[in-house]
C-alpha cells in the first residue's frame, strides 16, 4: 500500500544513498591516467598492493593523456600519471603540478595484418617503416585523441620520419579519436596498421590476423611520469594521500611491484625512477 | 429531519447562463420548496441538466442569482447530485461509498458501517467488494445514488437517473427515490419520461430552450396544463 | 573478474566482480527513479490540475525534456560537480552519487510528463464527481494519484528502463572507475573497446534480461490494475 509512511521510508532510503559518499570520503584518491595503462592491467596488479600497505583506495580515471592532464588542471584528480614528457613538462610549467618523477617505461610496437601489404615486417627502423606505409598508401589507424600514444605516433611521423603527417595524410590515414582498444579493433576489422603500446596489445583479445611487425627501435620507447596536482592551485587536492602514492610508485617496493607485473610471463613495464634523465 | 429549515426554499431569480453566444438558461425564475419531488421535464437540450448543475454550484450563472433559504449563499454542504452518466472511482463499490462519506467528513470509524447501510439501501449489499467499474449500468447508477446519499443531503438532485436503464433497474431507482423522499429529503429530478414524471412528481417544471414554460403541481399539470407547449409535450408532440 | 572466462561462466560461478557491477547498476538506477518520482509525480500532478495562463509552455517543455540527450546531461552535471565548478566543494564527481544525480535529471521529466498525462486524463473523468462531493484540492490530488497508481507505476518502470539503459551520462560523471563507478552499460562500453567481446556480450544479455523483466512487470501491474480496479 503506497501510503504516506511508505513514501517517507522510500525518501529516507534515497536520501541515505545520496549522502553515503559524503560519509565515505575516507582514504581515497583520484588518479587520472591513460586508457592504455589501465587496459594493460597494471593498476589491477599494483593498486591492491598499495592499498594493503597504506589503506588508501586509488580510483583511476582512465582517459587519453590530454584529457588526463586536463582533469588535473581542473583539480578533479589528485595525481596525474601519464606518458608524454613534453606535455607533462608543460603541465609543470603552468604551475599545475608539484614535481615530475619518472616511474617506468614500456615500448610501442607497430602492429599490422599478417598479409602485410606494405612489407614492413622485421624492419628495424620504425621511421622507414612508416614512410613505406605512406608510400604504399596502406591503411593506417591513428588514435587521434591527444593521448600519449597519439603524441608518440605524431612524433614518429613528424620528427623521425620527416613527414608532416597533417598535411600529407590521405584517405589511407584514419584518425578515429578513441582509445587503444578501439584503434586495435578498427585495425583488425580493416586489415590496417596501428601503433600500440605493448601492454594493451598483449591483453587485447580480438587480435584476429594482426601481429607485431616492427619492434625494438629505441624511438619506440615510452616513458611514464607521475605528478601530484598542485594543492596550492587546487585546495581540494588530497595532498598527503596523493603524495603517499607518488612516493610509493618511485620507492623500491613500488618499482619492484611494477617490474613484477607480467602478462603471459612477459614483463611489460621497466621501472626507471632512479634515472634522472628519464 | 435532514432539510435544515434554512436550506430551502431554493430560488432561481432570473438565472441565465450564456456560453459562446448560446443561451442555455434564459432568465429562469423558480422556487423549490420542501415536500414531494420536483420533476424537471422537457426535450433534450432544454436546459434541465444545466439547471441542476447550476443549483449545485457546478456551473456558474452568467446573470441572475440562486439563493438558498432566502440568503445569497453557496450551495449548502447538505446537497448532493447524481449525474446522468456517473463516473465510478477506480476502486470497489464499498470504497466508492466510503470515499463519499470521507469527503462528507464522516469520522473514519463510522464509514464502514454506514457504507454497508447505504449499499443495502440501494440494493447492492452483496456487491460491496466488487470493483465498481465492473458493475452493470443499473448497478452503477444505484451506487452513484448511494454515494449521493452518503452526504446526508437535504436536497438531492438527480439528472435523468434512469435514462439508460431497463425497467427493472428503473423501478429499483424509483423505489429508492420514493423511500428517500418519504424520509424528508427534497428530491429534484429531471426526466424525459412523462410516465416517470407522473409516477413521482409532486411539482412538475417544464423547460424548453432554456426557458421555464410552466411550473405546476403534478395532478393539475397533466390534466389541465396552462400553456400550449405543456399541452403539446404531454400529448407527445415534438417541441421544436 | 578475469576476462578470459565467458560471461556465462561468470554468472554461474557467481563471480563477485560481475555481481558487484550488476548490483551497482540496479542501485543507481533505482535510486534515480525514486528521487525522480519524488520530484516528478507532484510536479506532473500539479501541472495537470492547475490552470494558469501559458500553461501549454511548461507542458511542451516537459515533453521536450523527455528527449534530453544523456551525454548532454552528463556534461552539464560534470561541469557543475567538477572541483573547479560551482558545486566542486561537494566533492562527489566520479562517485555513484553523481551518477544518481545525472540519471535523476534524465528520468524526472519522463515521470513528470507521464504523470501529468495520466492525472489529467483521470481528472477529466473524475472532475464532476469530485466537485459534486465537494472534495478539496489536497484530497483531490491524493485521490487522483492513488487511483492512477497502476499507470504511475508503469511510468516509473519506463523511467527505470531509461536509466538502466543509458551510458552517456554516467560514464562522464562517474568516470567508469573499476570497482567503484563501473556499471553494466559502462562496462560494456569499456570491454567492447578493449576487444573483450564475449564479456561485453554477456553483460549485454544480462542487461537485456533485466529490461525484459521490467517490461513483464509493467504488463503484470497493468493487468492486476485492470482486474482490481476495473
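We just call them A, B and C in the order they show up, numbering each chain from 1.
The rule is simple: contacts are C-beta pairs under 8 Å (C-beta built on N, C-alpha and C of every residue); 3 or more make two chains touch, one makes a residue touch a chain.
Given the structure is predicted, the values throughout are model-derived calculations rather than measurements.
J.: Tell me which has more C-beta contacts between its two chains, A-C or B-C.
T.: A-C
J.: Average the C-alpha coordinates of each chain, average all protein C-alpha coordinates together, and give the chain whose average is closest to the overall one.
T.: Looking at where each chain's C-alpha mean falls, the closest to the middle is C.
J.: Could you tell me the distance, in whole angstrom, between the mean C-alpha positions of subunit A and subunit B?
T.: 81
J.: With chain centres taken as the means of their Cα atoms, state the distance from subunit A to subunit C in Å.
T.: Comparing mean C-alpha positions, subunit C is 33 Å from subunit A.
J.: As a quick test, compute the distance in whole Å between the mean CA positions of subunit B and subunit C.
T.: Distance between chain centres, rounded to whole Å: 48 Å.
J.: What part of subunit B is in contact with subunit C in the complex they form?
T.: Of all residues in subunit B, those touching subunit C are 56, 58, 77, 80-81, 83, 86-91, 99-100, 103-104, 131-134, 147-148, 151.
J.: For the complex, give me every residue of subunit C touching subunit A.
T.: Against subunit A, subunit C makes touches at 3, 27, 31, 34-35, 38, 82-85, 88-97, 100-101, 146, 149, 175-178, 180-181, 192-198.
J.: Show which residues of subunit C lie in contact with subunit B when the two form their complex.
T.: Touching subunit B from subunit C are residues 125-126, 128-129, 131-135, 139, 143, 147, 227-230.
J.: Using the touch definition from the top, list the residues of subunit A that touch subunit C in their complex.
T.: On the subunit A side, the touching residues are 2, 7, 10-11, 13-14, 17-22, 25, 30, 38-39, 43-44, 57, 59-62, 74-76, 178-179, 181-182, 184-185, 188, 200, 203-207, 234, 236.
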